[in-house]
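Order as written gives the chain letters A, B and C; numbering starts at 1 within each chain.
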Amino acid sequence: MELIFEKTREGRKAYTLPENIKGGAVDIPDKFLRRNLTNLPEVSELQLVRHYTALSKRNIGVDSNFYPLGSCTMKYNPKINEDIAALPGFTKIHPFQNEEDIQGALKIMYEFEGLLKELSGMEEVALQPAAGAHGELTGLFIAQAYHRSKGRKPGKVIVPDTSHGTNPSSAHLAGYHVVTVRSKDGNIDLDDLKAHLNEDTAVLMLTNPNTLGLFEKDIETISKLAHAAGALLYMDGANFNAIMGITRPGDFGVDIMHFNLHKTFAAPHGGGGPGSGPVGVKAFLKDFLPVPVVRKNDGQYSLDYNLPLTIGKVKAFYGNFNVILKSYVYLRMLGKEGVRKVSEMAVLNANYMKELLKKHYNLPYPSVCKHEFVLSLNTFKENGIGALDIAKRLLDYGYHPPTIYFPLIVEEAFMIEPTETEDKETLDAFIEVLIKIKEEAEQDPQLIKEAPLNTVVKRLDEVTAARNPVLKYEKKR
Amino acid sequence: MFPAELKYTKSHEYVKTEGNNATLGVSQFAVEQVKDIVFIELPRVGQELKAGAPFGSLESVKAVFELVSPVSGKVTAVNEKINTSPEMISKSPYGEGWMVKLEMSSPGELNGLMNNLDYQKYTEDGGSH
Amino acid sequence: MHIPYLPHTDDDIRQMLEVVGVSSLAGLFSDIPAAIRYKGPVKLPRGSSEAEIRKELTLLALQNKNTDSYINFLGGGSYDHYIPAVVRELVRRSEFYTSYTPYQAEISQGILQIFFEYQTMICELTRMDVSNASMYDGATALAEAVLLAVNTRGRKKVLICGALDPQNIQVLNTYTRNLDVSIENVPFLDGTVDLSILKEKCGEDTACVLVQQPNFFGCLEDMQEIEKLTHAAGAVFVVSVDPLSLGLLMPPGDYNADIVVGEGQGLGNELNFGGPLLGFFAAKKELVRRMPGRIIGETVDKAGRRAFTLTLQTREQHIRREKATSNICSNEALCAVMATIYLAWLGKEGIREVSSQCASKARFAAGLITKNPDFRLKFSSPFFKEFVIESRISAEKINKALPAGGILNLLDLGRFYPGLKNCLLVCVTEKRTKEEIEQLAEVLGKVPKWN
C-alpha cells in the first residue's frame, strides 16, 4: 500500500483556514525564516480519508479480535468512556486556566485519586506519570527522596528475575544499580532474597501477582524482610486486575505502587499509548509527591505547588487527564460491587483456560493462577518450532497471539491473559484453535514455520530493518 | 575445532597475540549463538580496556551480547568494516572478522585464559558459566 | 444492579468452576493468605448506569469554562490550534484506538505505516535525519535528550539558554537530580539569551546547550550564534521547537542542531487540560542507536513486499533491561496518529499558512493591545505567536476581569519569574479572529474600570 506521500499531487489541498488579518504584516527578520518548503503531502480530503481508512483495515483492535496478551490486560474499552471524554468541557480546557474556571476537572482528579486509594490501600496518589514505566521512575524518585531525608543513600534496587523490563531500566534511569534475585517454584526465592537484601538496598521492586500469574504467597514475609533492611517495597501494578476488592497492596506491606490505567482501568491502548501510570504511596511519603497536588477545601478544589520536599515534576502539567477521565467513568460504572467481580471473572477465565490447555501444552506452574498463566512452548523443539511460530500461526486464525518470550525465566514462554470481558465461547474457540495448531505443528511443521499465510504481509525481514534502518520516506530522485 | 594459537574466555571472546599486540574477536561458537548479527558496538581508538570489563556488544534483532575484554590495554585499531559487512564475522571470525586491536598493558593476564582444548571442552559442556 | 462488561451467566460460572475443579469462586483465591484478604465490599460509590454517569459528568463538564464558549489566548506549552473534523473521525476507528503496540507486525501494518509517516513528517518539519515514534511530552523528551548528550559526551555540565519553558526545566531537574550532572541557567536579556554570558559558560566541560525556539516568551533566539558557540566547545546542540512554527521559521536541521525535541500537542490534539501530550524526538543519524523510544523502520516481507516494523529494539527496556537507553514503554501513539492525519490535512501549503497566520495575527494583537498606554511590549526581540505584555494594572485584576468579558485568563509570568511581575504571556493562533482580538483589547482597556 502506498504511503500518503506517494499519493501527493502538486497543488492538491485538503485544508481550509480562515482569512488572515490584514494589518499584521510579518516583520520577522530573514535569518529566522525557513528557506525551503516542507514536503508534507498534497492530497484532497477524500484521498486522506480513504488512505487512513484503508490503513485501519490493515490493523486490528480488541473491538474486532480476541487479544489474550499476558501482562497487558487487553480488556474491552467501554464506549461511554470515549463519549464522555469527548465532551468539550473536558477536551477544550487549558491547564493554565484560573482554578475557579476548571473546578469540574479538578474534582474528577481528586475523586479518582480517592477511588484508587480505596482500591489499593495506598494513602496518597499522584496522577502525573504518563505511563507505567513513568510511574515506576516517579516512585523510585520518591523512594530516593525519602532515603535522602533520612540522611541515607542506599544505591541498590532488587528486582526478581521475572520482572518486566521496565523495572530494571527505570531503576537504572533513576541512578540505581540493579540486582536480580531468583525465583523458585514460581515465587521469589526467599533465601536468595535474604542473601541480597542489605542496608544498601533502597527499593525492592516486585509485581503481585507476579508475571507468571502467581500470587506471591510469602508477600508478608517479603515485606518484613525488605523493611527490616531499611528498603522500601515497590509494587508494579500491571497485574492489579487480579486482586481488586480481594486484597490490597497497602494491606500487604507495599509502600509505593503504580497503576496502569490503560490496563486494569480499561483506557484504550491506542496502538501503544497514551497510557497513564498514577503512583500511590503510604502517608509517610506524601511530602515527596510530584507537584501540583489536588486539594479540596470547603468544596473548592485547588492545585497545591507548595511541597518543600517534592521530587518536582516528572511531566508538564498534571498528567494524562483525558485518560484519567476514562478510567474514572469506568470505576464509577463498576462501583463497589463491580470491581471485585471484575477480578473474580478475570481469574476464573484464566484458570478455566489453563485447565483445558494443560492437557495439550506444557504448563510449568500448575497451581491455581490468578488472571494470567504461562505455558512453555519448548515441546516443539524437535520440529524446530518455538513460541514465535505458534504465535504467527494464530494470526492466520484471526487472533492476536499471547505475549511471547516473557517472563524470561520460562523457555519459549507463552503468556495468556484473557481478561474478564471475554465470554466462554470466545475462550472455547481460542482453545480449540490452539489445540488445532498443536496438531499442525506435529503433522506439518513447515506450515507453522511459514505462518502467517493469510495476513496482508508475511514474516518480515527484521534483520535488514535493524542492520540498515530506513526510518522515513525519501522521495527517489 | 578452535585455532590452537588463540586463547579464549568464558564469554567466547578470543585473543591473538603478536608480541605485545593483541587482536580480539569472538569465537565460532559465539557466532553460532548470535545467528543474524545486526550491529556491533565497538570501542574508540585510544580507549583503555580492562580485562573482564565490557568493551562493546554484539546485537541480533532481539538480543544483545556483551563483549568482555580478555586483557587490559589501549585500543590501537578497530575494524570499521564489520558494521557494513557483519557476515565477515560469521564467515571468518578469526581473520577478516577481527574486532579490536590493542597494545597489552599486562600480558600476564593471558595465563588466566583457556587454550583451544580447554575451550573446546567448555563449549561441549554448554559454554555458559 | 447488573455489572456491565461482564458476560458471564450463572451457568457459565458453574460450568467453568467445574472444569477448574473448585467449588466456588473463593477457591480461586485460596492462595491469598487470610490475614491480607479484604473484608466486605470496597468503599466505592455504588455502580452507576450509563445514563446516570453521563448526566453527572456532563454537568461537571459544564462547570469548566471551555474554549468553545470563551476566547482563548493562553499558551505556554499547551496550544489551541484548529483541529479538523477528519482527525477525530479517523482516530475513532477502533482498529486504531483499541489496538495494542504493534509488536506483531503482520497484523499491524496499518498503524505501523502511520508511525512511519509520522516519523517522516517530523523529519520533514525539523529537517533532521531520524525521528522516533513519540515520547510522553516535550518536557520528558528534552530530559531524555540531555541524558543522551551527557552519556555520549561523557561531560557533566548542561547549559540552559534563558527563557526555556519552566516546566521543562523542572522535569529536567527531577530527572537529573541523582545523576552526576550540573544544570546551569544562562540568564536572558531583553527576552532572549545573553550571548556573552553563554560564551563565557560554554566550554570543554559542557555536555550540551539547550535552547527553545521560539522561547517561552515567544521570542526568537539567535540560533546560528548559539550553534557556533555550542559546537566550538564540542557540546551537543539540543533544540526544543514549536512544530507549528516550522512552516515559517527555519527548521533546526538547517542550523545544525544535533537533537530536536518539542511539544507536539498543537498538531491535531486537543488541549485536554494538559494531557495527553505528544513529545517528539528527532536527531542526526549518528545518534539513532542511542535514541530513546519506539522506532519504526521499513523492510520487506518474505514475498518482497514493502512492510513496516518496530526496529532497533535492542535499545529498548524489554531487551536491554537495566542497560536500556531509556525505560520508556507505552508512548503517545494515538496522539502521534492524530498529528499525522492533521499534518496530511494541512499539507505543504497548509503548514506554511498556519505558521504565517499565527505570526501575523500575533503581531496584529500586539499592535492593538499596546495602543493602550497601560500595556507595553516587554521585550523588543522579534516573536512568533506568543508575546509578553507588561501591564500597569495587576495581573490578578486582569485575570479576574477577562472571563467576565468572555475571554479566558492570560498566563501570569510572575508565577515563574519573580522579576516579571504584571507581565502576561499572550498567545495568538490561527484560530483567533480579528473580532476576538479586538474584544481582547477592549476588555483589557476596561479593566481599571472594574472594582
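Just so we're on the same page, a contact is a pair of C-beta atoms (placed from the backbone, for glycine too) under 8 Å apart; a residue touches a chain by one contact, two chains touch by 3 or more.
In this text, all values refer to a predicted model and were calculated from it rather than measured experimentally.
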Chain located farthest away, centre of chain B as origin (C-alpha): C
Centrality ranking, top chain (CA atoms only): A
Separation of chain A from chain C, taking each centre as the mean of its C-alpha atoms, in whole Å: 20
Gap in Å, rounded to a whole number, between the CA centres of chain C and chain B: 44
Approximate Å spacing (C-alpha centroids) for the pair chain A, chain B: 38
Shared-contact residues (touching 2 or more other chains) in chain C: 313-314, 319-320, 323
Junction residues of chain B, two or more chains touched: 38-39, 59-62
Multi-partner residues of chain A (at least 2 other chains): 462, 466
Touching residues on chain A, where the partner in the complex is chain B: 405, 462-463, 466-467
Chain B residues touching chain A - in the complex, by the definition given at the top: 36, 38-39, 59-62, 86
Of all residues in chain C, those that touch chain B in their complex: 289, 313-314, 319-320, 323
